[in-house]
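Labels for the chains are A, B, C, D, E and F, by order of writing; each one numbers its residues from 1.
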């Protein structure tokens, strides 16, 4: 059972890398969208620093969600998905493998780009470790939750926007705790309880999302 | 048979993850998530820079003073151990009164006072007619500043 | 010697019945051709057999046991080629074949052999996006040789293939059946299938009447 | 036609039950409104504003309950393939969304005078907003597919996933330090609302409950009729010559 | 009486030459069948003719004038059916046909007539999402009858069609040519085309050698 | 030439409307994404009011851009695009017709939803008329610029998304002047110069985008 999942993971990574800069795209969107804010809000340093954590988290959320509608789309359209779901491999495993690849190509580069963005948006330095830890726990959750949505909207019209509608409300708690962790750290309070809640959400998503997404995938092929 | 076992395995893994998740949440609540700072927090750690933050506690009895036009209010927020003076200009919520819980949002001034931009009133979950409340107080079943009893039972709110 | 059979099958798609009371049986070493006009339900029946669709009535049986008893075991028996090719344009032909080999638990070398079998060896290192329609279809069919499964379910496998490739595919099919495999395929052209059994799906009388108007 | 065997029985039952539920709803709401507006006392702290409670609280309860109905219907449709399950879920969702909206609106109307803000992002309010969006997402998903059967199934999966939100709504006030008050009625040690205010509240809650049941039955009947028409039309298309 | 011809055509796709020094000529009232193995360049040649692809060498001529002189006039002459069907699942069969009629400047009533011609009249009000592969292809072909263009460019038009529909298509093609139209089509099966001219695209010697390795 | 373009416009609108609430989806995304900010930034009313214009503009930009990558995708994949581009109709006209339909189904409902969002984000009331005017001028520009990206994405083999990203920087000026117009109005200054610039950008986009997108579409079909 591990062999096929590894194959899926590696294939998705290879496809992403070969398309030259899919990971780069997420990061670029992340950086660009976040840097829209100084334009939108005005470059006043105090104001920026105050909203930095929020802006970084909101744009991280949007950029993880941006690509995720394609998570199963290409496989659905070219017939790969039928091929995979007629294999003796649990569908939930397939979902996990694809999510892992997706996270490696979107969540991880995004985390690596965060320190730069933090400087750019004048996030207080005390907040950065908490920000990175929170992103490390939160982005996989977002990918998993997004996978449910991506599987649900397969074959729907205007999948992208519908997906956002389905997933953003579920992603809000991640955002809230992610920001709370950073704010706590900036204020000199322990970020640990917030990070624990983020960890709890990750575990819950790990438990539920693959099963739900697998069920959605099966019904998408009917 | 293998299928049943596999299903059980998936179920077990999912339940295990959910269990671990609950454990994490519970341990997080033991650390108590703070959404506002108490006066003691502020005294102990100092104000969090010049950022605005939320300060919460009880309105200290007999600390409320209003300006002539009634728009400027000063009062003290206390958590029993420490108290901080708060200045606020604006309309107070109906439930704002001495002894009542409040959450205020604003920033510390240089003189150690807290300038509030917004004052939110917290209230508890007891509902009763005014006469009943008066009667309870008169009969000594209920003292000011204590959780209110209803029907003779003290409400179990710490 | 296995038998794959369906009895009293009914299929509903989008709230409309496609066929009902349909039965068939295939034995190891033989194939079944699904024939019938457009819209007769050939693709739908194949999807039922692959477990991608649930029958509205009746059931599928493998060696006497209902397929729904253990869908995973059934999936371990089948190789499915639907209308889509499952070919990634960004990967080379060989990488595509190798991926499906790994998914099926086969060795990577078998992928190269499969390409050879379908006359794609010289394109092994060509990205699949440069393949023509027919070459791409052949690449999809190469999955069959890689995954050694006993029941092939093929929806119009020879679409886009030139005459020589159709003959090549027939030879592959014959080999598969000689080795004890079985195959069910939908097609509009004549494909030589061992055993030569044909299931003609037809218009229901009512539908035929409607079309005759 | 076996698919509609069960619904047929349901049609008979619902035709009989509908007038009773509707009547009970009118009675309870009438009495409840009279008591809550004219006969119940003002609160010792909140004064007359407390009367918002008689709409807010039943609406909030029904918002949660309706979601339970949607989720239960979805489970029965997905797992047991019960033909009525999806119909019920589909019918309950817009009503539940309506209750949620009422809860949100009355809540903020109440929050302004009591707390001093229309809206705060505390855990209770946020999780109710998430509930509202779950309802919207459910309904959007229902209509987002060319094939209504697929839409129904996708939406069912979403509804089931969304159940995790319900305990969060219910216990958010205990887990977090919310501005919203903790439970007054449904608590281990009995209600903390004086009987003179509890009675109209419960009357209103019963009224909302009967109203929900009546509208639900109505919508289910309409949906079943629509399905029957679609089936007949398809059959006619087949037979027609 | 018009003539559509190409001379010395060369085609490069993805930096690889597909064919070179290719010439052909079609006259009003006749058709040209493109034959050849997979990857021979049939689709590429058709795309050249439709102006979707630019030739690497040579040129296309209509009645003595280079096509590139007035591409818009050329587009007003052609009807193109590629591999995709151009059918929107959300619209009914009739709405789909009517859209292409409006695009081509034809009347809405001609759309209904076209559906009838391809045996889809009874499905006119059915959303296209409910059509099977072959029905959808027939709906695509119905565009040909709606837009009265003189040059039809068809890439494997009969893919997925059942035998009866192929015969029906041949009749439509014959009518078109009888009315002075011309057609170029790529196919792997035998389609009766007026005039019966066949252009066999083959492997270049170099390519054949590569495949023989 | 008008007949075919009208046909395209009507078909796209019909497809969108038949899908029941597609416009609603864009609006919902808009509202949802904008309401993420109070979560991220914290509910401080003053702060919110100050960034309201920026947040509304950034989310309007994102929601217009979100669906737009599919502007030509369905037509490309099902072969309609080949069918259209082999007609004697100027490709630029086809682009304009499709953009018009897209704007009617995304930009217009978004403008209609803005007043609600303005209340929600506590945008000062003086800013609302300027906001609406700016959006009315800016969203068509965004759609047109997005159409270039959508067309580029179709053809590009490598880094298609990367090219789409290039569109985002092009959209930044719209954002900047849109926010400036609102800020000016809030500050009691005339918003007119900013609106004029937005109008100029719209005209420039109208002149250039159809031609650029048409060229990209032809490229995509090679």
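Rule of thumb we're sticking to: contacts are C-beta pairs under 8 Å (C-beta built on N, C-alpha and C of every residue); 3 or more make two chains touch, one makes a residue touch a chain.
Worth saying up front: this structure is predicted, and the values here are computed from it rather than measured.
Student: Considering only mean CA positions as chain centres, point out the chain farthest from chain C.
Tutor: B
Student: So which chain is the furthest away from chain D, centre to centre on CA atoms?
Tutor: E
Student: What is the distance, in whole Å, between the centres of chain A and chain B, each centre taken as the mean of its C-alpha atoms?
Tutor: 34
Student: Starting from the mean Cα coordinates of chain C and chain F, work out the distance between those two points in Å.
Tutor: 45
Student: Taking the mean of the C-alpha atoms as each chain's centre, how many Å separate chain D from chain F?
Tutor: Each chain's C-alpha centroid was found; their separation is 36 Å.
Student: Going by the contact rule already set, what residues in chain E reach two or more other chains?
Tutor: 83, 90, 129
Student: If a residue has to touch 2 or more other chains to count, which residues of chain A qualify?
Tutor: If we look for residues of chain A contacting two or more partner chains, we find 19, 50, 77, 90, 157-158, 162, 165, 168-169, 172, 176, 204, 208, 222.
Student: Multi-chain contacts only, two chains or more: what residues does chain B have there?
Tutor: Those would be 6, 25, 29, 33-34, 52, 118.
Student: Residues of chain F touching chain A in their complex?
Tutor: Going by the criterion above, the answer is residues 19, 22, 25-26, 28-29, 32-33, 36-37, 39-42, 47, 50-51, 53-55, 57-58, 61-63, 66-67, 69-70, 77, 158-162, 165, 168-169, 172, 175-176, 179, 183.
Student: Taking the complex as given, what residues does chain F use to touch chain E?
Tutor: Residue positions touching the partner: 3-4, 6-8, 11, 14-15, 18-19, 74, 77-80, 82-90, 218, 221-222.
Student: Can you name the residues of chain C that touch chain A in the complex?
Tutor: It is residues 50-54, 72-73, 75-76, 78-88, 90-91, 95, 99-100, 102-105, 140, 143 of chain C that touch chain A.
Student: For chain D, which residues are in contact with chain F within the complex?
Tutor: Answer in residue numbers: 119-121, 126, 129, 133, 136, 140, 143-144.
Student: Enumerate the contact residues on chain E facing chain C in the complex.
Tutor: Within the complex, chain E touches chain C at residues 13-14, 16, 36-40, 43, 83, 119, 121-122, 129-135, 137-138, 156, 159-165, 188-189, 210-211, 213.
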